Structure formats: C-alpha cells, structure tokens
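Here come two complexes built around subunit A, the first alongside subunit B, the second alongside subunit C.
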Partner chain A sequence: MGIELKNITKRFGDTLALNNINLNFDQPKIYGLLGNNGAGKTTMLNIISNRIFPDSGEVIVDDEQALDNDCALNKIFMLSEKNLYPDGMKVERAFEEAANFYQNFQMDQALEMAKQFGLKTRKKINTLSTGYTSIFKLIVALNVNTPYLLLDEPVLGLDAQHRDLFYKLLLEKYANNPQTIIISTHLIAEVASLIEHTIIIREGKILRDMPSEELLSGGYTISGPASLVNEYIIGKQVITQNTLGGLKTACIAGQPDPVPLPENLELGKLNLQDYFIQLMNKEDSDHE
Partner chain B sequence: MLINFDDDRPIFIQIAEMLQDSILSGAYPEESQIPSITEFAVSCKINPATALKGINILVDEGLIYKKRGLGMFVSQGAQEKLRAKRKESFYLDYIVPLLQEAARLGLDKQDLQSMLERGYTDYGN
Partner chain C sequence: MNKHYLVPAFKSSFRGVLKSSLVFVAIMIAFIIINIVIAGIAANNMASAKTTISYFEFAAMVMVFVLGICCIREDARLLIQHGVGRTTTFVTEILIALATALLLTIAGEIILGLTQLATQNIGNIEVPLAYQIYSQQYGIASFSDYLLSAALMIPTYLMVFLLGMLISMIFYRLPKPWKIVVAIGLPVLCFIVIPFVGSYASGDWLITAIVYPLRLLVKFCAAGPGNCVVAALAFSVIFGICSWLLFRKAPIK
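Showing the complex of A and B:
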C-alpha cells in the first residue's frame, strides 16, 4: 500500500529537476515536503499526480503502476497553484463538478467550510481575489476524500486568520479520518507542529527523509559565553555555530552528554525551521 | 489553548503539563470528561499523534482514564496525586534554578532569606 517513487529522474533542459528520487509514502500520515524555491517540490508532486512524466523511474500507487492508470490516479488529489477550472464557472458549479468526479466528495461539508471562510459560492471563480481562489481550491481539496492528498504550497495568498482556519480544518479532517497527506511548503515554522514525517529536498535530491521527531532529536543547541561554548564543543560534531559579540550558539549533532552542564551554558532544542536553515547553509558552504 | 512553540520542551510534554495544570486548577474536575484527541489537536494546531502522546503520559500516571467509546475522564483523586507530585518536584523545579540564578547575580543566603520574607509580606500566606 502507499505511494512509492522509484528512481525518478526529471530534466528540464539543462536543469536536473529531480535526481534519482526514491521515496515511500506508506502510512496514513501528514508528510512535510520541505525545500527552498526551485528545489523540485512541485515537479515531484506533478509527477506523482501524473500531470507530467518522469524521464525515467516509476510511481507505484497501492502496488499498481500509476502512469495513465485512472484507477490509481483517482486515489490521488493534488492541489496546486494552477487553476484547472474553466473561466466563468461559478464556485457552486465547480463543487458539483468535483462531486461528479470524486464519489466521496462531501458537498455539505464543502458548503459549510465556504460559509466559515466567507467564500461566496455564487461568484465566478475567475472573479475571486487571490486569497479566495486559494480558499476555493482548499475547500475542494479538503472534501474530495481521496486516500492521497497532495497540497502544493496550500496557504499561498491566505491571510493569518484564514491560514489558521485552514490548518484547523485540515487537522480535524485528518484526526477523524486519517489519510496520506503530503504538504509541500517553504513556510516551515507554520507546519512544523503538524507534520509527522519530514522530507527535505534540495536541488532535486533528497537530503532527509525521516520522522520529524527523530530528525529533531538528532541534535541540540548550546549557548553561552564563547569561551565556554568553544570548550564544550571540542570533540563534538558541530552542525553550525554563530557568535553575537561574546555570546555563542552552536548546533551539535547527537545527544547532550548525560552529565550536568557547565555553569552559564544553556541547552536548547532544535526547531524544524532552524534545522532546515542550518542544513541549507551547510550545503551552500559545502558547494562553494 | 496555546502551545509555545519557542519553548525548549517538546510539544507533547507541554500538552501533558497543560492538562496537569488544568486538573490542578479544577478546570477539568475529577470524573469529568476531558476534550478528545481531535479537539486538542485542532485547538493547539498540532498533529493528533503528538496530542495522543501527551495525553498518554497522564493515562500512564493514572490521572486520566479511558472509557471505551465514551472518551477520557479525570480519575478520582487525580488532583491530590498531582499536588503531591508537584510538591516533590518543587525543590528541583524552583529551588535549584533559584539558587543558580542567585549565584550568577551574587546574591547570598541572607539576601535570599530577606527576599523570601519580603515575598511573604507582599503576597501574604
């Protein structure tokens, strides 16, 4: 069961967008696909949902080849920036279309969510503001009830209040009826507490693919007077370090020693966004 | 309910503490039903698995119990149990850090004693 990517490679001209990707989405979990702009997130999701084709490799959905396989593809819904609805179609009509196409579409819930967001269902889709176009697409995505839901940058253009509402509706949906959800985003802090499994992609390559908790327990921060920090980090694997005057903070891989910390040093945990930024900085400097 | 994501402690620990605080304060009285995993997850915007992990700490401590098909309830005697536990950890949680900070500031035993006196005068009991 699940979605499996095997040796997926995709080029656009000279750019290697995906470089031999192998991934498994085999549990009903919320997966986070994190990467900077241009890392290959959207390309990967487009390939999973059969919108574009890989140069080599294959996508397997529930043990079946996904390529041009309607049965497999009906299990996947992808939300993306692209608008796939005809100009001039009204929101309510688009909901009906979605219901025709996706058997398990929940019309009553979609209309209820439209009300909560203040989306006017009588309006034509192409007359909606940027924010409400996103909201319209999110509501469809949250109600198609396919086993696999791909959300590509789901909160683009949404204000803080609507983002909050979206995350809550998503969690409610997921808690009541777990499905495999893949959220691609570069807004890491906002999704950090939602995602159970983290995948970090950079320049078409997978850098990390593991449970979020495991990822973050793989390191810690230590801060305090620079001289004390320098002493502490001797013999340890330092991910990054920065100083602010005499104050120094170092990110260290592994677990802190089980002995009391020297006085004036403070121990901290890694958060996902800091971890991500540090990993990217390290990669940048490795490539220089 | 708010989770402080800048807090250095893991989110599931914060959930467990928030629940313990709510039982101590009487917000969730003994034998009353507490919100569901879904409600915790949605209201705190965290993954349901994280919420479950936090709540299970209290289940393991016997502070809450599950009734099949009905939900989760605060155990009889949970408040007293929690109070006893907090008294036990009071020294480590408050006194030790207090002494460490005092040492950093160069406050001696006598300074602390007079501050304690002042605290009792200002805030009673």
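Showing the complex of A and C:
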C-alpha cells in the first residue's frame, strides 16, 4: 500500500524536469519534499495527481495504476499553488463541492476551522487575499480525509500566527487520522519537526530519500572561534562551513570524536535546513 | 471511468450550466414578450398574417456554443481538483451537452408554442425553425411540427455545444504564439484571403472547392429533417472524437 513512482521521466522542452524517478510513499507518514526552485517538486506532485502526464514511467496508488483511474485519484487530494476553483465560486460552495466528491469530508470541522482562521465563507474565492486563498485550500485539504494528501507550498502568503495554527491543526489531524502527507515547501525550518521522512530533489534527480532522523544523524555541527574550528576539522569530512566575523560553524559528516572538545567549541545537532543548504552548496560546487 | 464518480461530477458541473440556461431562458422570455407587444402594435397596419422564425433557437445556439467553450476548461479544473480522471470528466461533459440540448429544446418548444398562441391573433405568427424549413404548409405549426422541431434541435444544440468544446480545446492545447496566429489567421483566411484569391483565381476553383462540399451538405440536409438530424449527429461525433483526442492528455494545472 502506498504511492509508488516507477521510472518517471518528464521533459518540458529542453528542460529535464524529472529524470527517471523511483520513489515510494508509504502509509501513513509525513514526507518532506525539499528542493530548490525548479527542482521538479511540483512536477512530481502534478504527475502523481494526474494533472500532467509523464513522458515515461508510471504511478501506482495502492497497487492500482493511477493513470485516469478515478478510484486511485480519489484517494489523493492535492493542494497546489494554482487555484483550480471557478472564479465566481464562494468558499461555502467549494466546501459543498468537496463534500460532494469526498464522502468523508467533515463539513462541521471545515466551518469551525474557517472560524478559527477568520475566513469568511460567504466570500468568493477569487476575491480572497493570497493568504486567505491558502487558508481556504488548507481547510479543504485538512477535511477531505483522503489517504494521501499532497501539499505544495501550503503556507504561501500565510502570516506567522496562521502558519502556527495550520501546523497545529495538521498534527492534530494526523494524530487522529493518520494519513500519508507529502509537504513540498521552501520553509524547511518550520516543517522540520513535522517531517518523518525527507526527500531532497535537485534538477529532477533524487539526492536523498531517507528518514529525517537517519539523515540528520549522519552529521553534526561544530561552532566556535574560527581558528579552533579550523583546527578541529582537519582530517574530517566537512560538508560545509560558514564564517561570520571571528566565529565559524562547520557541518561535519559522521559522528563526533569521543574525546572531550577543546574549550570554546560547541557541538550541535545537524538541522534539516542547514543540512539542505549545505547539500545544495556542495552540489553547486560539484557542478562548478 | 467509474460510474460512482460520474454522478457527483455531473451534479457539480451541471449546476452552473443549469443556472446559465435558466437566466438565458428568462431573458429570452422577456425579449419575446417585448416582441409580441411590438408585433401587436404593428399588426394594426398589416393587411394579412405573416410568419416569422422565432429568434429563440438562433440565440440558444449562440448560448450553447458559448457554454461549450467555457464548460470544459472550468469543469476539468474543478474535477481534477476533486480526483476525477479525464475519461469521467469527458463523459460528464458529453452528458452536460445532452442535458443542455434537452433542456433548451424543451424550454424552447414550450416558449415557441406559447408565443405562437399569443401571436396568431395579431397577424405575426412565430414558428419554429424546423417548421419554416421543412413544412409545406403556411401558418400555424401543429403539435407534431413542434415534436419535429424538438427532434431536430436536440442534435443541433449537441453539435454546436461540441463545436464550442472543440474550439476551446484547440485553443487550450495550442502554444501561445499559435493561439494568436489562429485567432487572427482564421478570420483573415476565411473572409479576406479566400474570397480575394477566389475572385481572381481562374474558374474560381478555390471557392468552388470550398463551396461545393457545403452545397452538398445543405442539399443533403434540405432533403428532409431526418437527414439534418443525421448530419448534426455525425458532426457531433466528429467534434466529440477530436475534442477527446485533445483533452485526454491535456495538462490541467
């Protein structure tokens, strides 16, 4: 059970958006799909939800071909940056539409969430601000109760308070009704604590596909005065290093030495955002 | 395609079409009432009764054409958002085209019948399009004439809806520069280039090549209402198949 991507390749003219991608999204888990702009995240989600078609390869949902398969597609709800609702449709009408297609849609909860976020349900969707359009889509996504939820830039335009509320509601929902959630976002630091499994994509290729814990346990950070850090990192596999004034932070692959650290040096855990930045920097330098 | 998803898809998509159609019928009723009043005033100056084709059917054709253009894109976006595949979406559109044709035909025939009743005493009898084309008689259309009109208008509306859908899909699938080329080029080709070249070409071969098949078609349709129904259904099938070929792999995002 789960979503399986088999040898997915997609080109847009000269650009190879996805290059022979093989991935599994198991049930239930929260996945983080991370990548720079143009990495192929949205293309991948659009292919899973049948909005676009791959040049080659196939998508399998719960052992069924997803291509033009209503049963498979109805198990997936995708929240995309683009608004696919008709211009004149009101929020309350869109909730009714969702209830029409998804039997498990929780109308009461959707209306309650709308209240929490301060979303006016009598307003037309196309008159909502960017933030409230995202909120509207989030509320639908959180209440359709499909086994698979694809969230592409879910918090686009949301203020900090609403973003916090969304993450809380998402976790609450996940605790009550575990499902497979794929979050594609650039706000890595904010979702890092939610993500159980990280997929990092770059130029249509998967760079990392592993549990977040495993990913981050593969390294550590060391920070302190630049001279001491420089001394410490000799002979170690440095993923990246940043210097600010006289202070330096280095991310190092592997485990720290079991010997006591020199004074003024501080050992830290690798965080997802740092790891991502470092990995991208490394890829950039490898390309050069 | 899964029948389970067809019902909600139809329910969702038809709501907008029904609303638009009802607004259209209401506007048409208002126009027809105004027309009857004007005809009543004019009747005082007329020596004998005359028949007029009701403009409801022409206006309805334009309406159905516009619905055909608009529906497919809007519905496809909403349905894909709710996990409905291409085949179910397309079948839904065909059903909507049929339902719209049926709805406007029934509404049209009722309105035309009532209009005829209202106008027959004022000397300006409004009759259905089919009656004007195929009836050998002159004057008031009978109930069977209205049935014939309905039988003709359903496939006609269906054909026009599907033509609108096909044009919509062609423009949807074309790259941007080609959209501009076609939008400008087609009218220029039809109304300027062909008539101009045709008038200077020896023997008007170009015009003949275009007009001849059209003449054959008109002749075929004029032979009887049954032929016209067959032609409308045949064009519906052609437009439908072409639309499907364009739609099945169309990106919706």
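Note that in this section the second predicted complex is superposed on the first by the 280 of 288 C-alpha atoms of A that agree within 3 Å, B and C clash if a C-alpha of one lies under 4 Å from a C-alpha of the other, contacts with A are read in each partner's own complex, and residues count from 1 in each chain.
Criterion: contacts are C-beta pairs under 8 Å (C-beta built on N, C-alpha and C of every residue); 3 or more make two chains touch, one makes a residue touch a chain.
A quick note: this is a predicted structure, and the numbers were derived from the prediction, not measured.
Colleague: Could you classify subunit B and subunit C on subunit A, in the superposed arrangement, as clash or fit?
Modeller: By the criteria stated at the top, subunit C and subunit B fit after superposition, with no clash.
Colleague: Looking at the overlay, what does A:I30 touch: subunit B (first), subunit C (second), both, or neither?
Modeller: In the superposition, A:I30 contacts subunit B only.
Colleague: With the two structures laid over each other on chain A, which partner does A:N271 touch: subunit B (first), subunit C (second), both, or neither?
Modeller: Once the two structures are laid over each other on A, A:N271 reaches subunit B alone.
Colleague: Just subunit B (first), just subunit C (second), both, or neither: which does A:E196 touch?
Modeller: In the superposed model, A:E196 contacts subunit B only, not subunit C.
Colleague: In the overlaid three-chain picture, which partner chain does A:S80 touch, first (subunit B) or second (subunit C), both, or neither?
Modeller: Touch status of A:S80: second partner only.
Colleague: Pick one for A:E172: touches subunit B only (first), subunit C only (second), both, or neither.
Modeller: In the superposition, A:E172 touches subunit B alone.
Colleague: Determine the nearest approach in Å between the Cα atoms of subunit B and those of subunit C after overlaying the two structures.
Modeller: Result, nearest C-alpha distance in the overlay: 27 Å.
Colleague: Going by the contact rule set out above, which residues of subunit B touch subunit A in the complex?
Modeller: 3, 5-6, 8-11, 37-38, 41-50, 100, 103-104
Colleague: Given the complex with subunit C, which residues does subunit A contribute to the contact?
Modeller: Touch list, subunit A to subunit C: 46, 49-53, 68-71, 73-78, 80, 82, 84-86, 97-98, 100-102, 146.
Colleague: Flag every residue of subunit A that touches subunit B in the complex, lowest number first.
Modeller: For subunit A paired with subunit B, touching residues are 30, 164, 167-168, 171-172, 174-176, 189, 192-196, 213, 263-264, 267-269, 271.
Colleague: Report the residues of subunit C in contact with subunit A in the complex, numbered from low to high.
Modeller: So the residues of subunit C in touch with subunit A come to 1-2, 4-5, 8-9, 11-12, 16, 74, 77-78, 80-88, 248-249, 251-253.
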